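Each in structure tokens, the structures are laid out below.
Shared chain: chain A. Partners: chain B in the first complex, chain C in the second.
Moving on to the complex of A and B:
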């Protein structure tokens, strides 16, 4: 499946998805990269579609970006290792929202990635079997990668 | 345990007649963990039935830190994520910045980057070989034999790095636009001598290991990862290729002139510790091949497309985002970078190869004996700086 075919296929199946031709150079060494922005309620259905119908079975990573007043955005990247198709999936959660569908039922690799995302951004992934902090201690206060988390203020336990 | 219900702690019922379960902490300070890693094992007799992996002991908030450091400052900090293969993460970071900024890298710098990255792969694999064989200890006639050999060879590569950048572990060799240093006079010859020496000795180590029935017994059939599991969890590098996936970024999505070199990508289908060992042993030789070709064809010219740095905030990257990925010794090391037009990134995410590779452990360890946990963990080759970042 070529870049264009994949793009058309995605648009047909997910009318609400915005597909950007994620400029060849936007993914260095990435071959064919597509950036797809889907509404938050299509997050898991789209991941299923990417895995089962586009053959993107390789789960590369998932994370989030804090766009301050515009709210959080969740990002995941999956690849089809046979054809070289790379898909960067994004969904905007909207201002003040920190809940998202979990991808763990689709990709087992999302387990640790979403735990890290919860740890760093406080996003609650619905359907995650084991949403605990992963890198920080269980008693940590706050979610450090939020832009509102100041770097120069000591947080407990370092007060 | 069914494959479609993922859980962090997976349990298998083995009908152990004793009916008694024991919880055992392996780590955080355990010599075979290659770092600070705690595995909470649930045992039935000597068989592991559940694993809860606890990581984060080495977390240094790299991603938050990168938002406060400029594009000139961070590359040398990036090397501290995976400190066993420091060149790799620097490489991914500068490539991401160059991609957004559409910064050309001179051909000579591209070749120098390849040489450094491949030397780093050999050094990293040597450390893995030595420590893994030591983990499996007594079975290898004293255990430390291969370790000392491997460290001796690694030392000679670190000497090369020392004469190249002045540092032996964390380099700061890559910078946005090129490399920071050119090779000093006589370095190419010294490099050729070193790789020739290593090339001539790998066969010897293979002989030592593969003719040893204890080694075979401990590595073959242990820690099986299916192709389906490998892709689903997103493990990369030698683990992925050991599970029958023919994928190497250097060939599938060439960067930094890798398309100029001929090399083969080893693939094994067994998916066990031995397959991963075989993949890495072949990669030694392929890396040596690439370095020879790069030294032979090394073009003349500038080593950087940017003027020398006068201030740390000199590099400004326009608004945009990129994901760059390089094939590190442990697999795909990715850097997802969002720039906002200033001298510092807005957001940076590391896809640490070790993080994804380690995430496969809870899926593969249950059903093995405690002693096998050590062999499996060693074959995954995690570096905890990269897991915890």
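Moving on to the complex of A and C:
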């Protein structure tokens, strides 16, 4: 499946999804990843669609971006290793919202990535089987990659 | 359907007041005196000292003990980050600290020296303290590299201890990022010089003006 076919397929199934880059020339070489921005409600359905129908079976990574007053944005990249199609999935959670659908029922590889995302950004993934901190200690207070987390926050007795 | 959060939400405290930070700085600058001594040894030597003419016995004995101590400083093999590579190079045959009586030893219970080589994260600090506590007295610590000295480039990171001297008492600070083996070797020689002054000062050894 070429990038153009994937784009038309996505826009048929998910009308509210924005697919970038829009121009056909940018994706002509086939090396560039398609960036798909979906609404937060479509997060898991779109992942399931990408896995089962676009064949993107490889879960590359998942992370988040803190856009301050615009709220958090969750990012995930999935690949089809056979055809070379890469999808960068994005969803904006909205201001003040820190809940998101989990991708673990679709991709098992999302488990630890979402734990890290919870650890650093405090995003609670609904449907995640084991949402605990993964990198920081269990007694850590706060989520350090949020923009609201002050630099040089003391951590007694070591900081 | 109401969706319950799977974990309790802990509000993140935000310290924007510089006074809080200064309080922590002052708290960690206080260190108990005599944290380098075994109290039993201290009591015995003080007892001998209190006899008439006792210092005639203890002073040469101290010189001998210090010579013995500084000639067999066994560093515990404890590497934290990229500085550990330089530390290994120092311990290996080219720079060969074994000619100074230092044998890298894989047990803290037989070691006298801990070379803190690398970034100390907050999660690692309790383990570092535990290994340090397992070493028998008298014991020394060398802080190697910018990260262990002050936090280095990661000083303002959320997870880094701002200098290992907030966790354990440090005798010699070796600057560099990472310090080359020559620097660490110089630091170890400085440490040996401090150990030679160990009992004479009674407290943490003062730097020797001859070497500095």
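In this section, the second predicted complex is superposed on the first by the 144 of 159 C-alpha atoms of A that agree within 3 Å, B and C clash if a C-alpha of one lies under 4 Å from a C-alpha of the other, contacts with A are read in each partner's own complex, and residues count from 1 in each chain.
Definition applied: contacts are C-beta pairs under 8 Å (C-beta built on N, C-alpha and C of every residue); 3 or more make two chains touch, one makes a residue touch a chain.
Because the structure is a prediction, the values reported are computed rather than measured.
Touching A:66, do we find chain B (first), chain C (second), both, or neither?
Only chain B is touched by A:66; chain C is not.
Mind telling me which of the two, chain B or chain C, contacts the most residues of chain A?
Higher number of touched chain A residues: B.
Touch check for A:14: first (chain B), second (chain C), both, or neither?
In the superposition, A:14 contacts neither chain B nor chain C.
Kindly classify A:49 by the partners it touches after superposition: chain B alone (first), chain C alone (second), both, or neither?
It touches nothing on chain B or chain C.
Return first, second, both or neither, reflecting whether A:136 touches chain B, chain C, both chains, or no partner chain.
A:136 contacts both chain B and chain C.
Have a look at where A:88 lands relative to chain B and chain C in the superposition and call it first, second, both or neither.
first
Check whether A:124 is in contact with chain B, with chain C, with both or with neither, and answer first, second, both or neither.
The answer is second: A:124 touches chain C but not chain B.
With both complexes superposed on chain A, which partner does A:107 reach: first (chain B), second (chain C), both or neither?
Touch partner of A:107: chain B, not chain C.
Determine, under the contact definition given at the top, whether A:148 touches first (chain B), second (chain C), both, or neither.
After superposing on A, A:148 lies in contact with chain C but is clear of chain B.
Please write out, lowest number first, the residues of chain A touched by both chain B and chain C across the two complexes.
132, 136-137, 144, 149, 151
Show which residues of chain A lie in contact with chain C when the two form their complex.
Against chain C, the touching part of chain A is residues 99, 118, 122, 124, 126, 128, 131-132, 136-137, 141-144, 146, 148-159.
List the residues on chain B that touch chain A in their complex, please.
4-9, 55-56, 59, 61, 63-64, 68, 95-96, 98-99, 102, 228-229, 231-234, 245, 247, 249, 252-255, 320-326, 332, 334, 336, 338, 346-347, 349, 351, 355-356, 359, 363, 388-389
Using the touch definition from the top, list the residues of chain A that touch chain B in their complex.
By the definition above, chain A touches chain B via 25-31, 33, 57-61, 63, 65-66, 75, 77, 81, 84, 88, 104-105, 107-109, 111-112, 115, 120, 129-130, 132-137, 144-145, 149, 151.
Which residues of chain C touch chain A in their complex?
Chain C reaches chain A through residues 3, 5-7, 9-16, 20-21, 24, 27-28, 122-123, 125, 156, 158-162, 166-167.
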